[in-house]
Every structure is written in C-alpha cells, then in structure tokens.
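As structure tokens, the structure follows; a few thoughts come after it.
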C-alpha cells in the first residue's frame, strides 16, 4: 500500500534508502513560473547534512541535489519537479552484524512483519536519510512562501532538560548554532551534555519548535484536513517524533476557558487579518488559520542507535545481545529542525493553494479575468 | 477544497451542521459480509450524546441513526454505508445574538475568512455535533475489529489538574462514570470541579487516552502514512485537540536512549508477535505497529463557549463584548472519549486492510486460492 | 476498497441501492456562496426519472431530493452538500425469482465474485438508480458553470441504426423529445423502433453525445489527469457504457495528420482563447482544453434486462433459463443523457478549480489581494 | 494541481521532459518480495524505443533504465521503486524555430494557457517520451501478473484502413513485426503505407488492441472506479488517444440485447470463474471483471508533427506558417502498443490488490493466520 505520497493540491512523493543508489522526491502540482535552481534546494539540504553541526554523525556526505525535471530556463514549469541525491558514502559493512537482529527502538521488526524482508543497510527506508526527499521538496515550497512574506523558523527548543529560554532567542546565533538552539547558553550546555552521552554510548531526547509568520487567515480544510491535522500528520511522520502540539499544546489540559481563549482585536491598518490579544491557539482555531503566527512543536525520542549493550531477539526469535556501533547522532533535533521546517512549508503551501478555490465569487472572477 | 474525506482503503466522508437538517457519514470500502444493525451504531452514538453523562450539556437529542445504504439482509454488502442522524432539538434562537460576532476560541472568524460566509447556528459545521458522523462510522469499524479480538478503550485521563491514577483503573466503573474517567476518586473530584466552573461560567481543559489491545505487528505505511502519523491526523482533526502523543509522548524529550528503547523478547507461545520488556514506544516503532498495545493521548483545550464576558470584534471589525449562553459542556473529554475511540478504530482498520496487499506471496496465494 | 468517490478538488461520494432506503450524494469542495435550492437539483433529477419520457420504464417514482447539509440561507457554505432521494416505489417481489440467478449482461456475478453476497433487489448498487447521486451533484456543478457562461448539452445521438442528423439539430425540440434526440424525424423513427423491441421483449443499443460551450483554454492536469482522461473515466463509469470518445473519436484511425490537425487562428476580439479552423480535436489537445467546444460521445449497450428467455447459471453453477420481467427501458440513452451531462459538469468544474492554482503569479496575486 | 500520479493501492508517479535531464517513475505500493532487475524493465523499454521498429523515428536513444530504490538483494522491498532513464540524444536545436509557434494538433497552446510558459523542447512534458515512466512501471506490474498466469498482449490492430485480420493472428510474428501488427500481410501493407506518408510529409491514424487472459472474476470497485472506468482513464491519458472501448465497443450501439448479452455457462473443471458462451462484454460486466478475457481498444490520432506546411499563430497571436521537421513517426500505434499494455498491467494489478480486502471473512482469515 502506498504511503510515500503526501499532500492534496501539491503532492510530494519520496523514494530511496539509506544505502541504496540514492534518495529523492517528486513534487507535483507546484505552480509554474517561479525561479528555481539547485542552489535554492542545496541550502536546505546542507542544514540537515551530517557534519553540518558539531552534534552530527561523523558520516560525511556531500548530499548534492540534482534537478531532474520540472524546471526550464530557470523557472518551474508546473510539471513534476524531480530531485535526486545520490548516496556516496555507504559503508554497509557497518551493518552486516545486525542484519539478523532487531534493533530496539527501530523499525526493523515492523518492516519484517509487514514486508517479509527488509533492506537492513542503515535502516533502509526507515533511515533518517529518508528525510532528504522531504527537505528538498520543502525547500522549493519555502521559496514561494518567502516570496509572499511568509517565513518559517524551526529550531531545537529542548535537549533533555535543557530548554531554550525565549528571552534569549537569537536568530543570528541560530544560523551557526551547533545544536540548532537559538540560545547561546542553552546551546553550550547542550553541547556538553551530548558530548557526555556520546562518550557513554547513550543518547537523549529533544524537541523542535516551529514558528510561521505572515500567515493569512482562512487556511485549512474542515474537517479531517484541518490545518493542524495536516501539520500533525506531517510532523508525526518524521522518524522518532512521539508528540505533536499546536500553540499551548498539552498545557491546555489544565487551562481555563477564560485564560485559553484569545480575545479578538481589530486588524491593524493595512493588515489582512484580525489581531488577537494573545495566541494560545498557536494561530489555528477550529482547524483554520486565524492570521496569528502559527506555533508548532514536535518531541523526538532519543536516538535509538546506542552503543550500550541491549537485549533483543534475532529474526528467528532467539534472544541475543546487541551493541550498535557506527555513525549516529546522540540527539535528533539539531538535524531534524530543518525537516520540521520544510514539512511545515509543504503543508502550508498546499493549504494556500487549496484556499484559492473555496469561494464561488473567486472562481467567477478568476475566469472572468480571462 | 474537499476536507471531509478521510482514509485510504476505507474512506469516510462526513457531512452536516449543528442546526441543519442532520448529520451523517458515508463509509466506503468497508468489507462485505459483516452483520450490522442500527443498534450496533446507536450504542456508540449514545456515548457521545449530550446528557449521557452528568457532565453533558442540557441539550437533549435522541440522535437516532438511520442506515441508508450498504446493508442487505443484516449484512454489509461492500458498497457505501450511509448513515444519517436528523437534528431534532435545534434552538437557533440561542445563537441569533452572536451571528455577527466572532466568538473567541471558535472557528467563526476562520470560516468567514475562508468561505466568505458561515452557518453561524451552533457553530454550523465546526460544532461538536460534527463528530456524529465519525462516531457512527467508527462504530462500524470497531465491530469488525472486535471480531478479530482487537479492543479499543478510550477514557478521560485528565480534567484540569485531576488525573486518573493508573492503579485505580476500573473498567467496570468506566461504563457508568459521569466523566468517562475510569477512577472513582478522580471522577468524584472532577465532577465537583466541573460543577464549580459551570457556576462560574468558565470551562477547563482535559485529556483523553486510548489503549488498543490485540494489535498485530506490521501495520502502517511508511513514510507519510506511518501508523502514528495517521493517528495524529485523525485525533488532531477532532475539534479542540491541541496535542497528540504516542506512548511516552512528550516525556521522551528528557529520556535517554538506554531508558526509552524497549528490549525485544521472544514471542509468547502461540502468539503472533514478539513481546517487549517495556512499551515506551506505545506500540508503534518507525511508524509500524510492533505488536504491543497501542497507547495514544489527545489533549483538549477548555470549551471555548463560556458565559463570562469576553472581548471580541464583529464581522465589520468593530470591538464588541460577548457572553455566550446556551447548552455547553464546561469540559470536552467526557463526551469526546468515544470520538477518540472511534477515530482510532477507523485508522486501525484502514491500516489492517492496507496490510493485506503488501507482500507478493500473499497476493499470489490469495489468487491461487481461487 | 472505496470506489464511490470521484474528483480531485471537488469530491463526489455517492451511496445507495435501487431498493434500499434511498440514494444520495455528498459533494465536498464545492465553492461557497452560490445560491442553491432543491429546485435547482430537482430539474435535473426529473430529466432522468422513469416516465419522464415515453421511452421510460413504467416505474413511477417522485425521486424528490432533500438537501441535508452544506446550504445556509439559500447559499452554499463550502462544506459538504449532502443530498438524499428516498426510494418510494420498490417492488422487490419482482426480483425474488432471480435472486439465485446470474442475469446475463448484468453485474450480478461480478458482485458475488467480489463481495461474496449482493443486494439482488433491482440490481442493488449496480442499478441505473445509482446515477441519482451523480445527477444531483452534477446539477449543482452545472449551475456554477452556467454562471460563467459554460453550457453543457447532452443528447441521444443514436438508437440502433437511427442517428441524429446534425442539420436537423433542434434545441427546442430536445426539451420535449421522448428519446432525448434533438431531431424530430429521428425521434419519431426511434420511438417506433423502441416500441417494436418492447413488444418483442428485446432491447437496443444507443449513444449519447455531449457538447460543452464556453470552455476556457488551459483546463486539464497532465499527464494522468488529462481532461479527456477524466472525462473518459467519468463516462465509462456510467453503467452500460462500452466506448468513450473525444472529438472525431475512432474516426481518427483512418485520418491523415494533414486532415486531423486543427489550424490555429487568432482569437476573436474580446475572446480569451485562440480560434481553430476546425475542431477535430473536440476541444482537447494533449489533454488540455484548447478553448474550442468540447465534444464527447459515449456508446451504451442495449439494456441487458430483456424478457426473451436466456441461458444462464445459478449461484451454485447449475445451468438455468431466465426471463426478466419488470419495468425496464428497452434503450438506455434517453434517460442516460442527463447522467452524461452532469458527469461532464463535475469533471469540468473540478478541472476549473484545479486550474486556479497552477501559476505562481496567480498565487502571489491572490494572496497579495488580501 | 497534481496530475502525474495514478492508481489507488498501487500509485505511480512519473516525471520528466523530452529534452530535460531524464524521465522516470516512482511506483509506490508494489508488493514486497518479487525478484526484480533492471533487465526485467529494459525489455519493455526496448519495445517503445525509437528505432525498435522500422516505423520508428530515426532518433536513436539507448533509454537505459536505472533502478534507484525499492529493490534489495534482487527483490522488491515494498518501498517505492524509483526508476530513471536519462536523456542522451537531445537535439533541442531542432525545436528552436518553433519555440514561439503553436504546433497544430499539439499541446503547446494548452500548456501556455495553463502554466504561462512551457518547455518547448520536443514537446517537453507532452512528448511521447513521457510514456517512458509508464512503461517502466508497467513492466514491473506485468512481471507479478505473469507469475499469476495473467498475460497481456497489446498490438496494433489498425493503421489507416489496414486492419489486422483475426484469422491471421500470429503471436510469433508479433515479436518481430515492424508495425506491432500480428498479421504479416497487414504488416507489409502498413509498412508500405507509412513509407509513402513519410515521403509525403504526412501521417496516419491507428489503433491498438489489448487482450488480457487469465483474469479472475471480481475485479473493479463500483461505482466510479469500475474496472473499465480505470482502463478508460489509463488509456485516454496516453497522448493522441481519442477513443477507448471495451469488448464490442461502439458496435453495441446497433446491437440488440438478445445478441449482446453473453450467456453464462458453468465453470470448467478446476476453473475459478464461470464461462460465457460469448464475450461481447470484453470481460467486464457492470464494471467488474467476469472471468473472461479482457478486451480493450484505443484509437490514436495521426502524429500531429508533419512536415507539410500548416497554418497557425505565434505566442503573440499573429498568424504564421509552420513546417515541422525532425524525427517523428508517421504513425503512433507501433510504439504505443507497449504503452497500452503496460498501462493495462498497472490498472489490473491495482484492481487485484484492491480486491484482497473486500470481504470481512478474508480479513478475518488473513489476521487469523497470524
């Protein structure tokens, strides 16, 4: 059953395995006429690359994207944009010893249960490298959003107990932060923590926040394709995410209505949307954007690949011990932030395209213009 | 743009507004040959009915379901199962005064932004009554799951600061609990809290947990339709949900890999799936079920309709005060638990149907049988 | 597996059986703000009603449509438009004798093979009454198309050897034609032929043509959702259709390129699209509308229900003779013309909505306006 | 709006332009565990290659397929199978002179109307080379069908007035036929006709028939995804097809029910499906396969690229003359037969996968086995 396809008007299909020929994406339904080059995409891929931060694995791959289709004379043509990143630094030998074992915390057992076999090299399709296709496609979407004044900023907001302090939020620092934390103090603490865990052969959980500014009101299709429901699917589909929240998230459980409701205020001059006195909703009410900033958060479990010895069973169901060596991040958020950001870009642009054909008078005026 | 359709092999389409003619669902792709009557569905609808708990609104509706199609001589036929619940107790007059105002915490402004107009009677399509179609369809799915030994149990796990104590979990009590809390002590405390808030004209947040037992390993389509990603969309699409989590949820942020990884153990005799020493994963690893119980949680914001005065603007953008009177629950979870449960049933059955055609040898043996 | 859902931006779901409670449709994604009443839909349903022409079956049903949702104060709201037609004149007894037999030319055996059981009353879901949902939904779409100056005209172009002569095309006569033929002479001949076949207990094949005027250029999504590919699916999905063609259709097989190519001419003043010297293409080139009239044709097999004795087998595979008595049209096109017309309306409107988000500058200007 | 995606359980996404980097396909949802190599695919690609027949264009391309993902140790893994064919013999210069002109019979004007720009090199996405992705994916599907004893045979059945005589059908000859006609006499006549047209700078229409044997009864999802409706979309989506028919096709228009109905006969010993005395239905009744051979036909217009002078307009709407030189087939069917065959393979396998989850007892027994 197909599961590598995402989106409604805009449809993303990804493919590829960690140690196969390559990974890629086909983005179909993207509007024609936008300037696009490989460099636009490469910038985003470089953000998720191992080694791009000091937190990263030691696997060094160029991850160079090649545009295969959908662009002519530097502009998108409206036809599918296919992008390919070839794998270059595979060392499958690293994984030979575990081909017959089910790694705890990994999808190995699930893949075998489902498909009867699996590409065990580096996790195959369940590897973190699967996100390359997402990032490449999301980079294309983010560019068009940017041309409309919509900005997405995802960052690591927590690593273990270390949390970013909002009052220290430093966008400039974020560009160079080893942890993708926009807070120099938290970053420094986190680097130390991660280094310690790496030495211990252990790993730690983390969280990524994403803020989207400049969002028009009215985005999101009731009822199953509510804007937050689409974000939830998009973010939960990223490997290792165990929780997704919007606005105040789980904190709403203990809030009162009189606190949680955001009072509406008249729109600012020349602004399209109403303002709100607060933004507990995270920019989405009843599944539709309310014109305030969209605030999302995703929590990542600790990297399941650890070198500490663990108990498991092999493919025959016989108990076995396992130690996982190789090039693994002890924490996921630093490299996943760009994945969250680009997935959000895909969801948002898709919702914006959908919105264009929701009113009869828009339809009539569109065709009247012709 | 269409958004009232959900599912892959199994497709649910819902329709209807709070104060229109009625609400309903069309469930297409449901397997043929299962015994089904209106009574099977009514049981679930009664659980979400106002007045079914003492927490409920005082609006009394029978919410009787009528099966319009897809069943012949008491069995499903494989064709679309259409179900209709007519509205009978509409009192639109309650809402007249707010037709020109944007209620804080509600979708009113979003609907107007998106569609240029809205059915303002009782929230129209964004009313909690929208879930009638979900519950009716999910009841059908839950029946088939039950025939395969798969049980879903959703319950209120928190109302404000009051949380269910797992050691007091009482399945029998749950059937009669006013709050859908399976813990008599928590239930009593919550009833008192809610009564107090009702008197204050305020409301409170809450959370629903769902446990699914008997789940086979191997369910979930990588990569965007991971089982947890589908659950996330399904649950976040329920009105007022602001956070969705699987297994340990947000707590993974501070966990270490050595704690969070669940060790695999050999399968019990005659059991299909491996066992695990713990279940931090909540039964889903890498987006595929691992054979352990599936554990999900959704957090609901406090009911936005409160009678305390609030600040807002009207459709012309002019500031205005608003007090919302009418029949509103001060807390959402007690009646939403069955919505969570039935949405989970839809997602799970859909995933089970998808799983049936993922292996070439299953395909060959299926057609070989014929 | 779901198959009662059709469309992309605009999604139609139909339900219902010939002798069940009723038949209906849910149209999701229809733009908000268009005036709509049950009368708008009833006009179309009346065109497909038995007894609406003298060719029809003698079954008399009111087929009154009830709007269940999606309309508020006389306007569409952008939420799903659900429509229901209750069955009132069922005489299941007519079918009792054939419940164990597979009627030649019918779907009985297919349904049993697929689902293991079937609703044998009047063909159940495979009855011609299934089209009620299509016609109801298509009527809604045709109204919006009409507001943009797009007109659809479907008519019977052939019954057996009797073909409509284009030089006698009489739109006025079409409104009252017993055969839905817009040619009084062909109509008269066809009435006589059909009467003779009815007496003989036999039936005859037929064809429906559809012309769509006022179509803008640029509709149709390459490559699988080409405009003609969508029409082909839509028309072939109507029961008894065995051939679908566009423009010159099968005649292209013997044409030369120098004949078949339509020369482009400059656009007329104030016109949006180029003109063409001829229209062999039927208004679609490379799967995209070219601004000329769209010309489609569908060929219907003779009604399979005939009272002449036929050879078949029963559910146990034992040979048996069968004679089918009941209320059956000896020819399908007269009542199917409106089904063709409304399916075309659905396909076309869906393509027009899709077209609105295909260019980056349209996207930017749409959101710039806000 | 996305249109390069096709299928339900099995989803094909294609990409690429005639003179871009390359063309390819991503096939998602294909069952795991089937042996697959590039050679399995190359055989089919070679059948559509220019120069593979003497009818072909003189453009010589290797069209070598590269498997990018979804196969591990020679077996499909259940994850997306991505395939790429790089373009190697582009001579864009051939097209420079026509970049500003709308070629009659081509999609140039449609693409400009839709997208505001187009890749004019060789037709870009609307080139016949677009079918490379279809053929590659269909080859994979045909292999699994073959393992279940299902064979597809597509062939040119007509070129202009020259038609294959069924009594001379010669499967062996078909393998080597220059025209893909399985009739040596028709082939010889057609070769001469095509040669004459090539000299005249003109082209001719043609038709392809496809027979599928070994098909189980019960395939096809009522009502919009009837098996014939899916075939109709699939075949009409192939460039230049103007008519699609099933079984007797348009000839049903003049048939009587007593002739057209196929009598059912008891199943042969050890056979799964009933037999029929005739097969006017072409193996599909009511949109569901009836166990007989499936018979399909598609009519192709003459190649629109002709070197005879034609009248057109340029992008500014100014009249202009055009002569199209380059490497073009004067007839489409010989190379399109394999495209028809592979599209049918995709539709059929998709329908077979869908069929596996249509009965409750199949579901229960599937999971009971585990």
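Letters A, B, C and D mark the chains as written, and numbering starts fresh at 1 in each.
Going forward, a residue touches a chain if its C-beta (ideal position, glycine included) is under 8 Å from a C-beta of that chain, and two chains touch if they have at least 3 such contacts.
Given the structure is predicted, the values throughout are model-derived calculations rather than measurements.
Fewest steps needed to get from subunit A to subunit C, stepping only to touching chains, is 1.
Between A-B and B-D, more C-beta contact pairs join the chains of A-B. Residue-number overlap of contact pairs with A-D passes half for only one option from A-C, C-D or B-C: B-C. In a homomeric contact, the two copies may use the same or different surfaces; for subunit C and subunit D, over half of the interface residue numbers are shared, pointing to the same surface.
If you average the Cα atoms of subunit B and of subunit C, the two centres end up 37 Å apart. Between subunit A and subunit B, the centres computed from C-alpha atoms are 26 Å apart. Chain centres here are Cα averages; for subunit B and subunit D they lie 44 Å apart.
Across the assembly, subunit D contributes 1-5, 9, 14, 29, 32-33, 78-79, 111, 114-116, 125, 216, 222, 353-354, 357-359, 361 as residues in contact with two or more other chains. Here subunit D touches subunit C in the complex through residues 1-6, 8-9, 12, 14, 102, 104-111, 113-116, 125-126, 130, 158, 160-161, 197, 202-207, 216-226, 228-237, 239, 241-250, 252-267, 273-274, 277, 280-282, 285-291, 299-306, 308, 310-313, 317-319, 330, 354-355, 357-359, 361, going by the rule given at the top.
By the touch criterion stated above, subunit D contacts subunit B in their complex at residues 9, 29, 31-34, 76, 78-79, 144, 147-148, 216, 222, 272, 352-354, 356-364, 366-368, 370.
Interface residues of subunit B facing subunit C in the complex, by the touch rule stated above, are 1-5, 7, 9-11, 13-17, 20-24, 26, 28-29, 32-33, 66-70, 72, 75, 77-82, 84, 111, 114-119, 121, 124-125, 353.
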